[in-house]
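Shared chain: chain A. Partners: chain B in the first complex, chain C in the second.
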Partner chain A sequence: MTKTKRFVAYLKRIPSDIKKLLREPFLLIGIILVNLFLFLFIVLPLFKIFQLSFEDKGQFSLAIFSELLSKKYNVQPLIHSLTLGIAVSILGTLIGFIFAYAITRVDIPWKRFFNIMATFPIIAPPFMMSLSAILLFGKQGFVSKLILRDIIQFKIYGFYGLLVVETLTYFSTAYLTLYGVLQAIDPALEDAALDLGASKGKVFRSITLPLATPAIASAILLVFSQSLADFGNPMILAGNYTILATQAYLTIVGMFNMKGGAALAILLLIPSLIAFCLQKYWVSRKSYVTVTGKPSAARIKMDRPLTKYSIFGLCLLLTGIIFLFYGMILFGSFVKLWGANHTLTMDNYKHVFTVGWEFIKDTLLLSSVATPIAGILAMIIAFLVVRKSFPGKRLMELVSLLTFAVPGTVVGIGYILAFNQPPLVLTGTAAIIILVFIFRDIAVGVQTGIAELQQIDPSIEEASTDLGADSSITFRRITLPMITPAFYSGLAFTFVKCMTAISAVIFVVSGRWNLITIAILGSVENSDLSQAAAFSIVIIVFILLALWLIQFLVNQIGRGRKLKFEKAEALQSI
Partner chain B sequence: MKEAYLKIRNLTKEFLSEYQEEKVIAVKDFNIDINKGEFVTLLGPSGCGKTTTLRLIGGFENPTAGDIFLDNVRINDIPANKRDTCMVFQSYALFPHMNIHKNVAYGLELRRLSKREINERVEKILELVGLTGLGNRPVGQLSGGQQQRVALARAMVNEPKVLLFDEPLSNLDAKLRIRMRIFIRKIQQEFNITSVYVTHDQEEAMTLSDRIVVMNQGEIEQVGTPEEIYARPKTRFVADFIGKQTNFLTGEVIEKDDGKLRVKVWDKVVTFDRPDEFKKGDRVLLVIRPEMVDLSSREGTFEGEVSLVTYLGSEVIYEVVANHQLFTVQTSNPLKHGIYHRGNKVFMNFDLKSIYLIKE
Partner chain C sequence: MKQSKVIVSLWLLVIFVFVGPSIGKAADVLHMYTALDPNEAKVYIEAFMKDTKINVEWVRMSAGEVLTRLKAESKNPQVSVWYGGPSAEFIAGRKEGLLIPYKSPVGAPFLKGNLKDSEDYWTGFYFGAIGFGNNTNFFEKNKLAYPTSWQDLLKPEFKANISIAYPYTSGTSFTTLATLVQLMGEDKAFDYWKKLDSNIHHYNTSGSACVTQAGLGEIAIGIAFSHDILAKGTSKGYPIKGTFPSEGTGFEIGALALVKGGPEPELGKKFIDWSLSKRAQDLMQVWFRIPLNPQAEVAAGATKASDVKLINYDDEWAGNNNKRLIEKWRQIIGK
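== the complex of A and B ==
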C-alpha cells in the first residue's frame, strides 16, 4: 500500500521535474545522451544474452536451462565456480582481516611496507599469480624441480592451485574494505570498553569484531564475486576443474555454440547479482560505521609481546609469499628457457619490444583513449545522480553501478551478441574495445564521484547558479574542479583496469587490435613462460608510470591532495 | 503610495516528503510588500519556513502556488541563474578551488563583462569589505570573518536587485557576529540595497532590520518594525518568541470607561490606559517583560517568594513564585537597589504603561 502511494508521489513529481529540465536544454541533452549510452553499452548487451538464452523459436522458454542443468558438463562448472568462490572469499577475507587488524590495531613495525604489499595485487594483472605458480610449482618449477627435486608433486592445476592464486590476488579487496572500517571505528568506543574493565582480547571480541562484522560480510561477498568473475587464472590453472567464466568462453570460441555460452553466462550472472544485491542492499544497511576517510584520534594499540610478534610473524610470512610470487616473475623474465636453461638474458624483453610491440602499442593507445572518457562520463553521472532531479534518476544510478555485478565474461558475450549485426556493427574495431574499457568499470568512477560530491556542500553549486551560471557551466567550472581527486582516482583505477583487462575484452579483440594480456595468455599456452613474465613486468612498469604521472598531475593542480586510488577500490564495498 | 519593489502574493510551498507520503507545508499563504532599499528579516524558530521562503525568492525552489514580483516583473518562472537576486549562504559556499578575486569575479565573468571592468569592480568591492590586496589569497586560508566578507562581496559585486542572506552569521563567534552585523547594516544602508535576511537570532533581527517578519509553522505571525514586534506583539507566539522569558498573566475585562480599562487578575483589579479594542467580559493576556517588573520588600500589587537568583553584574535575574506561577524579573543596577536572596518575601509592581494586552 505504502509502496503504491510512494510511487504515486513519485509520478506526481515528474511533471515539475520535466518542466525544470526544459528550462535547461544542456542538462536535458546531457541526461538523454548518458541514458542512451548506458542503455546501449550496458543494458542492451545483457538483454541480448537473456534474449538468446530464453528465446526458443520466437517464444519465451526456459528450455535451455533444463537442458543445461541436466548435463553434467554444465552443472559441474557451476558447482566448481561456487565452491571455489566460497573458499576463496573466506580465506581471502581472513588474510585481509589479519593485515587490516595488524596495521590498525597492533603495535607492529613496518606498517607502510605491509600496506603496500597488501594493496599491490590490485594493480598487478590478476593472472600473474597463476603464471608465478607455474614458475614455482609447475613441472619445471623453481621449488618443485630445483629445490625439492621432484620429491613432492604439487597439484597446481585445479582447485588447490586456483584457491591459492585467487586468494593471493583478491585478499587485497578484503583488506581495503576492512582497513577502511577498522580505521573508522571511533577509538573512544574501544577506550570506553577498556575503561569499563574489559581486557584487550575482550574489547576485540565484544566491540571491534561486532562493529566490523558488516564489513567482513561485505568483504566476503566482494571477494566471492571477484573469484566468480576471474578469467585469467582459471584459463591458465583450471586444468580439468572447469569454471563457468572460462567454460562459457570455450563453449563460444571453441565449440561455436553461442546459445550454450550465453546460458552459461547467465548461470554465472545469477550468483554474481545475488552477491551484489546482498552486499549493496542488505549488508551495507547493517553497518554502524561510516567511512569518512578522516584519520581518527590516537588509538591504543595491542602491545603484548606474544600477540604482537605472532601477528607480525604472520604478516611477514604472508608478505614473504606475495614477494616470492611476484619476485619469481621478475626473475623468470630474465631467464633464457625456464626449467631448462637458467642463464640470465635480455632476450625476452627484446622479444616483447619487437614482436610484442604491436600489442603494447594497441594496449597503451586504447587504454589512453578510454580512460579520460570513462573518467568524465563517471563524473557527469555522479553529478546528475547527486545534484539533479529528473525522472529515471534512480534507474540511471542502478544501471551505472550494475557493472560491478556483471562478470567480464558476461559483458564480453553480450558485446559480441549486440554489436555483431546492424544497426551497430563494431566487432573487429578499436571502438568496441574502447567501449568495453569505458563501461566495464564505470561503476567505480561513479561511486567515487558520488561519495566525493556528497561531502561537498550543495550551496557551493547553488552559489554558482545564483551568480548566473547554468548547469553545464556550474559542472565545468565548479563541480569538476572540486571533485578533482575523485576524478583522478577514477582515471587511475580505469587505466589500471584497462591495462590488466582480459575477461571481457578477450571476446572483442581482433587481428587488427590486440592486447598485452591476450599475448601473455598466448605465451603461457605456448609454454613461453619467460616471455609471459617479461610481458607482465612491462605491464606493471607502465601502470606504475601512469600512476606516477597521474599523481604528478594531481600535485600540480591539486593543493597537495593525495591520490585516493585505494579509496576508489575500497569504495566498492560501500 | 509608491509601488512595492519586491511583492510576494499568496506564496505557498508544499513538499512531498520522500519516504513518508504526507505533504509538508513549508510556507503557507505568504504575503509581503518590500520597498526599495528596505532591510527585512524573516525571523522564527527552526522549521518555520523562513529559509524556504528565501530560497523561493532566490529561485532555488519552485512555489506550489502564489507569485513573486520583483520590480514589477513576475519572476516565478525565471530560473535561479537568470534571476536578479544574489544570496549570501549560511556556509558561505565559497568556491574552494579559486582565490578571493576569482570568487568575486565569477558572476561578472558569466555576464561577459570586459576584463578591465571586472577587475575594477572586484577591486572596489574588496576595498569596501576591507580585503584590499588579498585578491590572490586562496579562500581556504581565510578566517571565518574574512570568508564572510568574501561571500558578501561576491553577492554585492553583481549589484542585484535584492540581496538575500541565509543566516550568514551563524558560523561566527559571538563578538565577530556583532561586528559583522553592524558592518552589513552600514553597507546595506550606504548603498540602499533591498535585502531579505533570514535568522533565528532575534537580537540580530532587531539590530539589522527595518521590518521583521515573524514566522511560525510556515505562516506569518506578524510583520512590523523591531519596536512594534517587541512592544506590541499581536499573538502569544510573537510575545513569547521575541524577548527573553516573557511572563504571561490572564485576566478579564470587568469595566471600561473614559479611556480606562479595568482588568481583574487573580483577586486584584489592575487599571490600564488602553481600552481601544477591548470590551467588557473579554479575556485578555498580559504580556509582561522581565524588565517591566519592580521588586520591593515593603509594598506592591502581588506578593511572592524569590526561588532563584542569577547575578550578572549589571543586572540580576530573579525567579519569583507568586500564586503558584513563576515570574522572571530583571532588575538593573543591583549595587544601588540591593539584592534579594532565595526565600525572601517580595512584592511585585508592574509597569502598567509598558505592559501590552492581547485578546485571548
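== the complex of A and C ==
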C-alpha cells in the first residue's frame, strides 16, 4: 500500500472509529480525560517554550535558531550530545543484551545475582556515578592513587568519563526492556528450529535476534534519549566536553536567557523525535506476536563451554565494575574528608538526618503520591495505543513519549511558564511537583506497557469482548492482569525516577516542598563529596525499602498471583 | 478486590492528611531563596527562627538561578526575600524590576557608599575578596612558587591545573571577569583570559567548588572568594593555602533584598534587620565572611579588606554590563 492509500484508508476508518467509541462511553471518557491531562501537563508547557523561542515581537520567527547555530558554543554541544548519545545507546544496549541473553538463554550460575546487579544501576541517584568516578579515578582516587600509584592518569572529565558513567547507568534500562521480551519469546519456536537441525548459533541469529529486534530498537531509543537528556553526570564530568542538556540549563540559569535555553532544548528534541519515528516505522513492519497465553516451561540453554564461560566471565567483569562504583560511594559516605582525612565517621549521616530530614520526608511523601497515579495512567495509555483505534491515537502516543526526549530543565521552565498564572496557579504547591513526577517519566511506563502488550495476542481480549464485556471490564480483568509485570516495572520505574529526579523539579521546588536530590545538588555544587555520597546511599536505601513495599502490596492485592512472565522477578530482587 | 480497595482508600487518606493542609499557604511563614551554602544558611536561618519565632521556608540555589527563578515567577512571586549573592547580581535583579527598596534602620549607621544600593533596593551584609586557593602538596612536590599575581596564573607549569566557574553561572567567576576588565581594560582582559583558558582544567557551575577540587588535588589552583577558600579548604583540613594577586583584586559585597510582590514583606524586613544585627553578623565567623557591622566579631585568620590590595571595584558598572561581558566571553572563549 502506498502512503496516500494508507492515509485514505485511515480517513475512511475515522467515522466507524467514532461510532464505535460512542457505543462505549467509559472508553470515550477515558480517552478524553487522558488526552486532556496529556495536553495540559505535557503539551501546554512545551507550547509555552516553543512560543518563547519562536515568537519575536508577536510574530513567528526563526531568528533565534540562526543566532544559535551561528555560534560555536552552541553547535559544539549539539555534536557532542549526539556523539555521546549514539555511543552510549549502542554500548548500553549491547551490555544490556549480554546480561538479558545470559540470564534467559545461557546455562550460567548466579543468575539471580546477575539479575540484581544488572537492574541495580536503575536506582542510581543523579550525580552518583560521576561522584564515584571521581572517588575511583580522580587524582586522589582509590584506583588511581592507591592501586596504580599514579602510574596511569585517567582523563575522567570529558567524553570517555561520560561514556563510562552513562553506559553504566543506562544499560539497565536496555536490560529491563530486553529481559522482559527475551523471557516472553516462546521457546517452542527456538526448540522447533533446533529440532529441524539448526545450530544454536543459527537459532540465535535467525529466531531469537529477529524476535528481539523491536525490543532492541526500543532499548536503543530509550538509552539514546536518556543519554541526551542526562543532566546530573555532565554537570560533574563534562569538563570541557560541553553537552546540550546542561548547556540549555546553563543558558537559562546562568545567562537568564530563557529564550536561548528553550531554543537549545528544541534542538535537542529533534534527534530524539527522529529516533522515535525511525523506531516506530521499523518496528511496525515486524510481526512479533509469539505469546499465545499458554505458559511454556522448557527453554533452550546455550551450554557449549566456550560460549558459556566467555559470557559468564563478561557478566562477572561488568558486575565487578558496578560493584566497584557502588562500593566506593558506600565507603566514601563514611569518610571524614575525602582526599585529606580518611578516618571513618558517621558525621555525614548525622548531617543527612538532621539538615536533610525535611528533604527526605517531602521526597518520600510526594513520590508515593505520584507513583501509583503514574503507573495506572501509563498502563491505560499503553492499552489505548496498542489495542484501541481512535482518531489522534498516534499523536497521543507521541505526546506520552515526548516527555522522555525533552530535557528536564525545559520541562521545569515550561511548568513555571504555564502554571504561574491563572487559570492554573500551581507554583509553590505540592501538586506541581507531583505533576512533574507523573508526566516527566510516564514514557517509561508507557513504553514498557506497549512492548509487553504487543507480545500478547489480542485474541484473548477479543474473546472477552465477544463474551459481552465492555472495554473497561476487559481492561481491568483481562489486560491489566496480563500486563502486571509491565505495571510493576512502571510503578517501580516511576518511584525510582521520583526519588532521583533533579533536572525538572529543580525549577518547581519551593521552601515548603523540597527534595533530597536538591540537597545532593547543593552538596555536589559545593564539592562536599562525602556528604553527597551519604545522601545517595540514603536515597538507595529508601528506594529498596519502597520497592520491597510495592512488591508486598501488589502481592497482597493479587493474593500471591504467580507471575506468568516472571519479569517482576527483576523488581522483586532489587 | 476487597483488599485492593482498602489499600487504595488508605493511600487516599494518607495523601489527604499530609498534602491537603499544605495546598494553601500558612500565614506567618517567611519564604526565601538563598544563594549561601545550605549548611551555612541553615545556621543563620535557625538562629533567626529562634530569635524571632518566625518560621522560615527556604530553598538554596546559585545566585544566577535565583534571578532566573524570580523572573519566571514575577507574575506570582513565591518568596519575599533573596538572601545572599554578590551585589552585581542584585543590580541585575533591580534592572529587571524584581526588587523593592527597604532601608533598614539597623544598617543605616554603617551601610555607606557601595555597601548598599543607592536607593536601598539591596542591602549588603558581608564582604569577600577574590583570591587563589592553592594545593600545598602540588607546590611542594613540584617545588614551585605560589601564584601571587594574575600573570603568574599563565605560567606553563600550571597547564590544565587551574579551575574556576563559568562567569555566566557564578557570581564568583563573573566578579573575576569584571575585575580583570576593570584592572586591565577590556581588550587586554579578554586576551588574558584566552591565555588563561589553556591552563584551565575545566569550568564549574558553582564558584566555590574549585576550592574543594584543589583540596582533592584534581587541580592545583582554584580561583574563588577568600571566605570560601578558608571555609571550604583550609578550615576543613584540606592542604590549601590562599594567596592574592599583587596587581589588585576584586571583591563582592554580599547582599540581600526584598522581592517585589513577595507574600510577606513585613517578615522580610524583620529578616533584613536581623541579618545586620551584631548577633547575626557574629555568626558569620563560621564561614569566614567579613561582617559589615563594625561591632561584629571577625573570625581569626579571615581575610579583611585591609589584608589584600583591592581595586576600586565598580559593581554598578559590572551589574549593568553583565549580559554584554558574558556574551563577549562566550564568543571569545567558546564555552
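Details
Rule of thumb we're sticking to: the second predicted complex is superposed on the first by the 393 of 574 C-alpha atoms of A that agree within 3 Å, B and C clash if a C-alpha of one lies under 4 Å from a C-alpha of the other, contacts with A are read in each partner's own complex, and residues count from 1 in each chain.
We take it that a residue touches a chain if its C-beta (ideal position, glycine included) is under 8 Å from a C-beta of that chain, and two chains touch if they have at least 3 such contacts.
What you see is a predicted model; the values in this text were computed from it and never measured.
Which of chain B and chain C touches more residues of chain A is settled by the count: it is C. Of the two partner chains placed by the overlay, only chain C lies in contact with A:157; chain B stays clear of it.
After overlaying the two complexes on the shared chain, residue contacts for A:509 are found with chain C alone; chain B is out of touch. In the superposition on chain A, A:469 contacts chain B only, with no contact to chain C.
By the touch criterion defined above, A:459 lies against chain B but remains apart from chain C after alignment on the C-alpha atoms of chain A. In the superposition on chain A, contact of A:23 is made with chain B only, not with chain C. When the shared chain is aligned, chain B comes close enough to touch A:478, but chain C does not. Once the two complexes are overlaid on chain A, the chain A residues touched by chain B in the first and by chain C in the second are 559.
Interface residues of chain B facing chain A in the complex, by the touch rule stated above, are 16, 19, 21, 58, 60, 62, 79-83, 85-87, 89-91, 93-97, 106-107, 110-111, 138, 140, 154-155, 158.
On the chain C side of its complex with chain A, the touching residues are 3-4, 7, 11, 14-15, 18-19, 22-23, 25, 29, 31-32, 37-39, 42, 56-62, 64-65, 67-69, 71-73, 75-76, 78-79, 92, 96, 166, 168-170, 201-203, 205-206, 208-209, 211-213, 215-218, 232, 236-239, 323, 326, 330-331, 334-335.
Against chain C, in their complex, chain A makes its touches with residues 71-73, 76, 134, 138-140, 157, 235, 238-240, 242, 250, 252-256, 258, 336-341, 351, 355, 365, 368-369, 372, 413, 416-417, 420-421, 425, 427-431, 506-507, 509-514, 518-519, 522-523, 525-529, 553, 556-557, 559. Of all residues in chain A, those touching chain B in their complex are 2, 5-6, 8-9, 12-13, 16, 20, 23-24, 457, 459-460, 462-470, 473, 477-478, 481-482, 484, 559.
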